[in-house]
Structures are given as structure tokens and as C-alpha cells.
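Here come two complexes built around subunit A, the first alongside subunit B, the second alongside subunit C.
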Partner chain A sequence: MLNRTAENVARATPEPLARKVRGISDKGLAWLFISPTILLLLAINIFPLFWAIYLSFTNYRANRPNEVVKNLGFANYQRILGDKDIWIAMQTTAHFVFWTILLQTLIGFTLAWLIDRKFRGHAFWTTLILVPMMLSPAVVGNFWRFLYEPQIGLFAYAISFFTRIPPTDIQMLSNVSLAPWSIIIVDTWMWTPYVMLICLAGLRSIPEYIYEAAEVDRASNWRQFWSITLPMALPFIMLAVLFRGIENFKMFDMVNLLTGGGPGSTTEVASITLKRQAFESWRTGYSSAFAIILFVAVFGLANIYVKALNKVKQR
Partner chain B sequence: MKSSLKLALGLTSAITASTAASNVAHAEDLTLCWAAWDPANALVELSKDFTKETGIGMKFEFVPWTNYADRFLNELNSHGKLCDLIIGDSQWIGGAAENGHYVKLNDFFDKEKISMDDFVPATVVGYSEWPKNTPNYWALPAMGDVVGWTYRKDWFSKPELQKEFKEKYGWDLGPPTTFDQLKQVAEFFQKREIDGKTVYGASIYTERGSEGITMGAMDVLYSYGFQYENPKKPYEMEGFVNSDKSVKGLEFYKALYDCCTPPGASNSYMGEGVDAFKSGQVAMHMNFAFTWPGLQKDENVGGDKIGYFVNPKGPDGDQFAQLGGQGISVVSYSDKQESALKYIKWFANKDVQAKWWSLGGYSCLNAVVKDPTFPASQPYAQTFLDSMAIVKDFWAEPSYAPLLQASQKRFHDYVVAGQGSAKDALDGLVKDWTQVFQDDGKM
Partner chain C sequence: MSLTTAHSVVAPSANSKRIAGTIIVLYALISIVPLLWIFATSFKTPPDSIAYPPKILFQPSLEGYCNLFTTRTRQTPDYINSLGPATGFCDETTRKRNMVIAGPSNFLPRFVNSLIIAFGSTFCAVFLGTLSAYGFSRFKVPLADDLLFFILSTRFMPPIAVAIPIYLMYRELGLSDTALGMILLYTAVNVSLAVWLLKGFIDEIPREYEEAAMIDGYTRLQAFWRTVLPQATTGIAATAIFCLIFAWNEYAFAALLTSGTAQTAPPFIPTIIGEGGQDWPAVAAGTTIFLVPILVFTILLRKQLLRGITFGAVRK
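After this line comes the complex of A and B, so read on.
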């Protein structure tokens, strides 16, 4: 069957093209097919990366194209690593990543576990839970900003209803203590369904006979959960944590829309600092160095994590 | 067959000719870049006269304020040809001049007999000159603007409120002339019930992302004695930026934010201020003068209900206001510089400037603003004139962007987030600004 298809293709190939292609080896043909992709990758991924590495050692500023570019050696890196504000931004990012992942994993896994019970109407509830994930972050950011509005926002009124605190005193985006949590709440609301989906895939991959064997051994539900469900779903949970961790480490849109990094610098995560240095202060060399540091940090942490994930999978 | 061929050839030639003609017409069109706001709409209306007179069509590229600087500075830095004319912000002038983005206009002004003496001096220094206070012109003053205040005249004139205010503070409730008075008025109105609605004292600038909180805080700091540098030694900032008087000014701004702004107003700039005033939330409202024509016309808060006052005096009687506004420049990367210069010449004309004011733009031409009929021409005209006489502006250095980002961070951290003290914020600002000037090789 395959041979006949190949013969048909060969017959349909125009004579001049067939003559040209005849001399090309299989390997050559493979390179020919993948070369457009490789060229594209080089142009839009690899070249900018190397260019950014080069710029990170200079004083280049994109808003001063006529100025002489000086080589600064590692001065940009030294300045970044000694900058108190950068470390505060990194701490803010770590705080944000930690809490969003913790909440999303806990809630996401619980939801997946409940949905996996296959109760009546579970398909409807699954779809409903997935809705936030399907929305654009720009839309989510804007409508949560209105929800958080202390004078007209529903969120403030809902909290006020339960706590009797006047809604105008519930200033989620203006209060230094509440602003980081306002972002964590929105991110958790939006991305928990994603974690739930991955966990659900994990739960559904556990063979039913293992539970049946546990039943025969009179294992309690709690024991089944700790000894079967959790260990077997763990690689999936870890995968969800990895995806969300990488995503939230570079989180920009939601923070920018909700607080813009404020009040003050309370919610200024690393990506907001990077954007300010690169496109508002126009310190291109400096911001390139910061981008490289962030890249190395994420890459390094992700590598360690993937190794841990592989160990869990091998168990 | 022959006749069909002729018909086809004839049609083709006609189509080609008409396309060529339309291309010629389009080639003459000028593109003017500016912010998307009310005065831009007035300029569209005004520019129709230019097209009528010269046959040169006008296209406009207006970008919202929040993206205005990013969008057009990117365009200039990449030597783009989108804008033939640009109305760029006053702080851009240093960078635009030194990086060759704008065409120098001295020779053109000499040739066309356009004299900078015919324009309000503060606008010439603020919008046209680089280096400052030297006769090197890169723009024609186009849109005068300054930070001032509006207040609810109808609330201020309520007899029961006047009585209560007089008893409490010992002076007649009216537009404040000092910052202490302004705070008293704001405190008086804060969370007060008026016409069945809770209202607040004042809307002030607190925006973090672009330039908002700097424009607002500076508007107060100048009158408290803040100076950017030692007048005798450029770039020496220690003891000037962070002087005791500056510290008091910044403390005042924070106190005003803490006591008297509407809930959640932690990221408020021009648009949010207008919204707060229009929706009847605040008794007073800090904003650039360009917002006044729109507010004056507003059905709910305009007309007799609104009043205007100049930025109040500081504790030592000093009185300054933050300059806004822009000049119009010819972009040096434009292929249509000759036509663009024609537009500048036309725009500098007295009649055009008079019409510009009548449409809602703020003319900077002396012949317009010093006309005896000017103060009475609009309820806010006198306040605008008085405010323009006391203006100061932010750094217009080529490095204005990092300088601005530093002040945005320091001010917002202290005023809105309440981190550290005013002294810490201003000491930090001296450190940041020193670093910027050292990087520039100016210190």
C-alpha cells in the first residue's frame, strides 16, 4: 500500500523537479525540510538570545542609537546583584509564585478528586470550572479591577456583607497588605482549573484494579488515598507545579493590569521591574543583564525540578 | 476585436492615471502624531482650514496618554517615518534634540519671521528650547498647559456649610490660597454627606505607571522650596532635592493623600481625576488645564457649579505650578519636511491661534492670551493665565525617562505605600538621579 503511494507520488512529481531531487540523500532531504524551521528559530529565538547576552555587557540604550556603545564587562551584572530593589522584586516574585502554586495545587487537586467521583452532572460542572482559564488575562485583569473597586465593586460588598466592614475600607488594590493577595486570588481563580485538568488526567490514569485489590485487603479510604491516589498522581501534580511555576515566575499581564506593581513597589514582580528598566528607563544593556539572570535562574530551577520529577516517575 | 482591445486599453490607462493622481494627492498628506485627548479633536477641526488653504491633507495618529510616550519615543528612536509632525511632551525636548529626532527650527523661524518673543516665555523655555534658556529652538509652542485646581462652587456656596466651616477653621469657605487652607477644605469635605451622597476632599495625582505621582507631588514640592539642583552648580542636588523644605512638601502631599482622597485612589491620574470630579465624588480636583473646557461644559458639574483656582502658595509664600503642554516639531526622518514646515508657519498665525483657543486648545501666543478680551473669554481663562505665570517643569534632559522612573518609584513608595519617611524618599531620589547623571557622564 505504502509502496503504491510512493510510486504515485514519484509519478506525479514533475520531471525537472524529480531530476533535481534525485541527487539528494535522505539526510539531505530531511535537512531541506527542517531548514525553514531552524532558520526561523535562529532568527526569532537564538539570535535575540545571543544579542541580549552581548548587550548585557554594554551600556547600550535603545533610545540613544547614536551614542557610542561601551563595553562594561560584568558591571551590569554586579550592579543588579547588588541592587536592593532588584532583590525586593525577586522576593515579591517568590512570594507570589509560592502562594499561587500552593493554593492552585491544593484547590486544583481537590476539585479534580471531586470531579473524578463522576456524580450526576459532573460534565457540566467540569466545563463551568474551566471557564476562567478560557478567558484572556487582559479581560480577567480589567474585570477584577472593577470587582475590587472599593466604592462600586462587588468583591468589596461581598466581604462587607460577611464581615460588616464598610466596603470603602476594603481597598484590595490600594492597601499594601492586601494588594499582593488581590493578585494571588485572581491568579488562583483563573489557573486552578488548569491544575485541576492535569490532576484529573493523573487520577484517571490510575487503574481501577489497584483500588479493587485495596478493597479486598480492606484498606480504608484514607489509606487508599495516601498509598494509591496521591503517589500515583504525584508526577502529574509535579508537572502542573512546574508549568505554573514557570508561568508565574514571568507573570506580567495580571500584575500590570491590576496594580501596575503598586501600591509603591509592593507588587512589583521581576517582570515588571524588567519592563520598567527596558522600556521606560531605556537601560537596554542593564535590562538585558537582568533578563539573562532571570533566564538562568528559571532554567536552573526548572532543571533541578525536572530531575526530581524523573526520580518520582521512576519510583 | 479591435474595438474591444481599444476599450480595454482605454480603461486600463484611465485606471492607471486616476491611481497615479490619487497617489500624488496622498503623497502630500501629512501625518501629525499626538496624544488622544480633547485638544487633539480640536486640532483635527482646526487643521481642516490648513487643508483648505494649502491643499495638503492631514492625517492624525493619536495614542492614549498611557501609551503616548512608549509609542512615539519608540517611533522616534527607530527613525520611523510615521510622523511628519509631532506634538511631543515637554520633557522629550532634550533627548529629541540631542538624538537628532527633531528638525532645528532657528533658520526657518528667521526666514518666516516667526519670533519666539511673540510667545509666552515659560512655554518657549518649556516646549522649544534645548539647552534650556538658550536660543536653540526645536519646536513651536503648541498647547499651553499647567496643573491647576477645580472646585465645586455649588457646594462651597451652601450657607450651612459656609457657617460650619467658618466656625471650625475661622476663615470663609472659598478657593484656598495656601496649601494649609487646601488641606483644611479637603478635610472638611472628606466623607461628608452632600445631597444624600458621601463625598471626599480632593482628587490628586497618584498614578505609578507613567508620570502621574511625580507631576502631582512636584506641584506641591515646588511651592515648599524644592529645587532640582544648585542654581550655581548644575547637577548638584544634595541639599536641594532633599532639603528640609522639600521633605515638608512631600510630607504634606502624603498627608493630603492619607486624609482626603476617595477610597482606592491609589493610581489616579488625569482620566481618573476627571471621573472623580464629574461623578460628584470630590470637592476639589487637581488636574491639567486641558481638562477644564470639558468640565465647564459638563451638565452635572459644569457651568455655575464649577470654579477654578491657581495652585496654592507654600508655607513661605512661594507659589509655583507644574508645567504641562507641548510644542509642535518637525520629525527629521520625515520625507515631507517642507510641507510640515508649512503647517508650522500656518499654525503660528495669530488668527489660527485665536481659533485654536476658541475650539478648546490652549494657545501660547501673546497676541491671544494678552488680548484684553481673553480673561473673560472663558471662566477658566484668568486662572490659566495666572497659572502659566508661575510654572516650573521636570528635568528635560535626554535621560528624562530614568529620572522620571526614579521619582515615580520613590514618591509612590512613600506617599501611597507608606514605606520609609519623606527624607528617605528624597535622599533615595538624590542617589538615583546622581547615578543617572553619572552614567551620562554629566557628573
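After this line comes the complex of A and C, so read on.
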């Protein structure tokens, strides 16, 4: 409305003045404002992506730049899909993503549900709970190696204090069956607050009158939880799961510092395999193909998930 | 509002509040223990830090901080006695361990790198993000939804997958292990967050302000500068802090693409070693210095936190 008035005023005034009123045309300004960002992303994200796609069809090795590059067609992709180690890495990643999301959602939602009781001082304690997720996963994850030390570490000491297992036996990082859990514990410690914060927003978005109506209908607390609280908070829970899922699928820093993929390759998630192939074995072409496969997988999963999310929202 | 909730039939009972409060306080206290332990360890002497059982009470010492900023070499007692009197606390502590200070460590330059790269990339990302967000918010951009999704989708890529071609590209361009290269990369990663967050903030500023300004004779650009920007300050500040925290905390790219001159603190801190393994008090000291700015920012940001971590999808 006002915009049209401005246009009319501009049209009625002499040409030089009109140009001053409108300045650069809106369309021109829009592109002037948006194009730098698009150009940067094209240069730093899209161009390298296409380069990686090209490399994935070759036997290129970054440590031998002068060697003749051979075109291999889909050979890299075939080899990856048939490689047993790659499938084991994918399984390790799936195990990690499944347990971290399950634990973080359960604990995070419970915490949010409790905080929503609005007891005295809840704002202060909520802020305190949120602190771990803002810190650098690498720097804090590195320190957890100290907490996990079998004898001198605080974690091992606390566990042995309550279970009477000798502290030297609690080898969190070097025991094959405990190492995956040591990473899951740190990730859950760090990111449960994230899920909690999003769940809290979901719980607070439920209007009070729905509960009042349920009270009038004498619905039990149990019934209210299952037919009001949970369904109405579900889109928020799913959003949290989406973000955590993508982040944990890409997980690199914490694993690299805590176990480096070890002992053996028991905690070798996809990102670690990728790093070993690309920056230790220097199989650039092969690892590019793996990177593309991972990228397509995340993208596909995220797409499916966003569709599911929209369906939940519409209900 | 407060009146209706106070008399509401659904308000939680005093008893359930008490139980909820107790559980939350317990969780908060337990989850904060690792951070307190970092802080405590930074003030322990190396023998105290590896004592069994772990020492909760100890004589505080600044040895960890001394070791963080210096490199030391072992010497014979005779040689140490032949030196003049110790100059300052760190020198004295080092000599007590039969060592002398050989020179400054790499911690300070790495920390400065972190500052330069984090602030540089934050400035660029917020600058580009503000312009783009305004463009998407106010103008009819063809394929706007697709472009916005494209901007966000760059975040789905695993950092290692991105690092492979970036490594090659930077090698060709001479940007390997340079602050400029890291600033460009972090800007590209952060600009998606900046655009999405800032678009939300600018959407909330009524268009009428600019339109009134334009009727008063301002051009679109002047209207943007004089009316929109001042009102978006809170949003821009919050976005800047989020970008800053990401760039400050980032590890994967830094570990793979920098090794020396442009290395930031996160890949450096895990490499701090003393004699016979990791020098935990020094690591804890470095970690403490590294974490304190983030703690301050988290407290400043607590009202905007939800918005930031969900790319503006959830607003309170």
C-alpha cells in the first residue's frame, strides 16, 4: 500500500528527482545484496563439490600431483559399496547415531518436562545445564581423555567408588566393548541440553486452555501426557532429532580426539574412515567417492525427514 | 496472565515442583563437574594432577599456566645452580623441577590465530548475511526458497568431505595454512547461519518504517541504513556471537587444513605434552583460558540461544 504511494509520488516527480527517490531499482538492489553470498558459496562450497565429483571418477592421489590421472569410471564407487570395512564403519556410525539420539531425546525431554514445572530458580539452573553444549567439542572432548584415565581419572574413580570395581579395570578408551560407549557418554553429556532446550520450547508452546479442558473432562495426568503433551511437543522433538542426527552422522572431532577410531577400528565412524583414506593413505579419488556417497546419504535422509516433519506439523 | 495461571487448575502442585527442582539441580551439578575439574586441574601441580585417589583439596599452584606459555628443557642441578637468581615465579617453579625455561610456547600465537580467524570470519559472515537477509526479507527474489535451501544445505556436508577438495584448491591458490584461507572457509560455513537467523530478525521489523522513510525522500539504501539496521542491532549482535562461537570452537577444518602459522587453538591444545605424556595441568590451563570467553557469551546469549541453535526455526 505505502509502497505504491511511494511509486506514485516517484512517477509524478521529474525524472532526476524520481531516480533519487527510488535509488537503485529494487530488483538491482536485491541482486546486489544477495549475490556476494551466493558467489562465496559457489566458490567455497559448490566448486569444490564439483571438483570432488570429478576426482571421484579418477585414481588421483594428492601426495603425487605429477602422476598421470586415469579415469576409472564408476570403479571407485563399486569398490566402496563392496568394501567390508566401509560397511563396518557405516555400522559403527549407525550405532553411535542411534544410541546418542535415543539417550539425548529421553534425558532431554525428561529434563524439559521437569523444568516446565517452573520451580523456583529454574531459569538459573537451565542456563547452567546449557553450558556444555556451547563449548568446543574438540577442546572439551580432549579433556575427557583425562577423566577417562583408568586410575587417575575422575570418571573411573567415581565408577569404582560406587561399584567397587578396581579403578585400574575401568579402561573406557582402550577396552573394545567400552570405547564406543565412552564416546556416546561424552556426546550425550554435551548435547542433551540442546535437545532439552528445543523440547522446552515445544512444551511451552502448548496452550494452557487445552489442559484446562482436559481437567474439566477429568482426564488423568497419564492420559493428558499421552494425548496432549507428547503429540503437541512431537514436532519439536523431531526437529531436535533431525539436527542431532545430521550433526552426529558427520561426527569427527570428539571421536578423533577421544579414541582416534581405536582400539583397532572399533570406534571408526564414517568421518574417521574418510580422514584415514584421504589424509593418511592419500587415496584422494577413492575418498572423494566415499565423501559423495556420504553427502548423498545425509541429503537424502534429511529430505525424507523434513517431509515427515511437515506431515507432523500439519496434523 | 499471571492471575489466571496462579489460579489455574493445571498449575503443578508444590510437591511436584519440589521433586522436579531437586532432579534438575542434581543433573545441573553433576553435568558441571567435568568443567569444574578442568578449572581445578589447571591450578594443580603435575604430581597432584595424577595422584590417586584424585585430589579434591590441593595446594593451588600456577605451574600449569607457566608450562602452558613456556617450553622447558631438563638440565643438571649443577648447571641450574650456576645460573643467577631466578627471575619471576615461573622461572623458580621450573628450576625446582630441574628444568630451565627454553622459550615461549606456541600457545599465545595459536590463541591469537584463533582470535584473528574467529573475528575476521564473523565480521565477513555477518556483513554478507545482513545484506542477503535483507534482500530475501524485503524483495521478491526469484526461486527464493530454493536459494535459501541451497544456502542451508551447505551445512549438511561432513567437514572432512568438504576438506578434501578445499585442501587441493588451497594448495593451488597458495591459501594452505593461511589465516585468509581459514577466514574464507569459516565465512562460507557461517554465512548460512547468518542469513537464516538474520532473515528471521529482519522479517520482524515492520516494513512501514522504511516505507515512511522513503516517502520522506530517502532512497532504499538510505532507508536500509538509517531505519532497518538500527532496529536489527540485537539480532545482528546475537548472530555475530553465534558465528563467533562456531569459528572459535571449530576443529575439523583447522586440524586438516592448518599445521603451523595459521593453526588455531583447538587443534593445538591436545598437542600440549610434558615429559612422559600429556601435561594435564597445562592442557587444563589452556582449556580454561579458551573456554572463559564462551562462558561469558553463553550467559549474554541465553535468551537468543534457542533461535540460534535451530537456525531460526524455533523462536520463543
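Structure notes:
Following the convention adopted for this analysis, the second predicted complex is superposed on the first by the 287 of 315 C-alpha atoms of A that agree within 3 Å, B and C clash if a C-alpha of one lies under 4 Å from a C-alpha of the other, contacts with A are read in each partner's own complex, and residues count from 1 in each chain.
The criterion applied here is as follows: a contact is a pair of C-beta atoms (placed from the backbone, for glycine too) under 8 Å apart; a residue touches a chain by one contact, two chains touch by 3 or more.
All figures in this text were calculated on a predicted structure; none of them were measured in a lab.
With both complexes placed on chain A, subunit A has more residues touched by C than by the other of subunit B and subunit C. Residue contacts after overlaying the shared chain place A:86 against neither subunit B nor subunit C.
Of the two partner chains placed around the shared chain by superposition, subunit B is the only one that A:169 touches, whereas subunit C remains out of contact. In the superposed model, A:103 makes contact with neither subunit B nor subunit C. In the superposition on chain A, contact of A:62 is made with both subunit B and subunit C.
With both structures placed on the common chain, the touch criterion links A:283 to subunit B but leaves subunit C unconnected. Look at A:185: by the touch rule set out above, it reaches neither subunit B nor subunit C. Of the two partner chains placed around the shared chain by superposition, subunit C is the only one that A:204 touches, whereas subunit B remains out of contact.
Judged by the touch definition given at the top, the superposed model places A:263 against subunit B, while subunit C stays out of reach.
Of the two partner chains placed by superposition, subunit B and subunit C are both touched by A:151.
Annotation: subunit A residues 62, 151, 279 touch subunit B in one complex and subunit C in the other. Only residues 59, 62-66, 85, 149-151, 168-169, 171, 173-174, 176, 259-266, 276, 279-283 of subunit A touch subunit B when the two sit together in their complex.
Interface of subunit A with subunit C (complex): residues 2-3, 5-6, 9, 20-24, 26-27, 29-34, 36-38, 40-41, 43-45, 47-49, 51-52, 55, 62, 111, 114-115, 117-122, 125-140, 142-147, 151-154, 157, 167, 189, 193-194, 197-198, 201, 204, 208, 211-212, 215, 236, 239, 243, 246, 249-250, 252-253, 256-257, 270-271, 274-275, 278-279, 284, 287-288, 291-292, 294-295, 298-299, 302.
Contact residues on subunit B toward subunit A in their complex (touch as defined above): 70, 73, 77, 79, 95, 99-100, 198, 208-209, 262-267, 281, 398, 401-402, 404-405, 409, 412-414, 416-419, 439. Looking at the complex, you find that subunit C touches subunit A at residues 4-5, 8-10, 12, 16-18, 20-21, 23-25, 27-28, 31-35, 37-38, 41, 49-54, 128-129, 131-132, 134-136, 138-141, 147, 150-151, 153-154, 156-169, 171, 184-185, 187-188, 191-192, 195, 207-208, 211-212, 214-215, 217, 219-222, 245, 248-252, 255-256, 265-267, 269-270, 278, 280, 283-284, 287, 290-291, 294-295, 297-299, 302, 305-306, 309-310, 313-314, 316.
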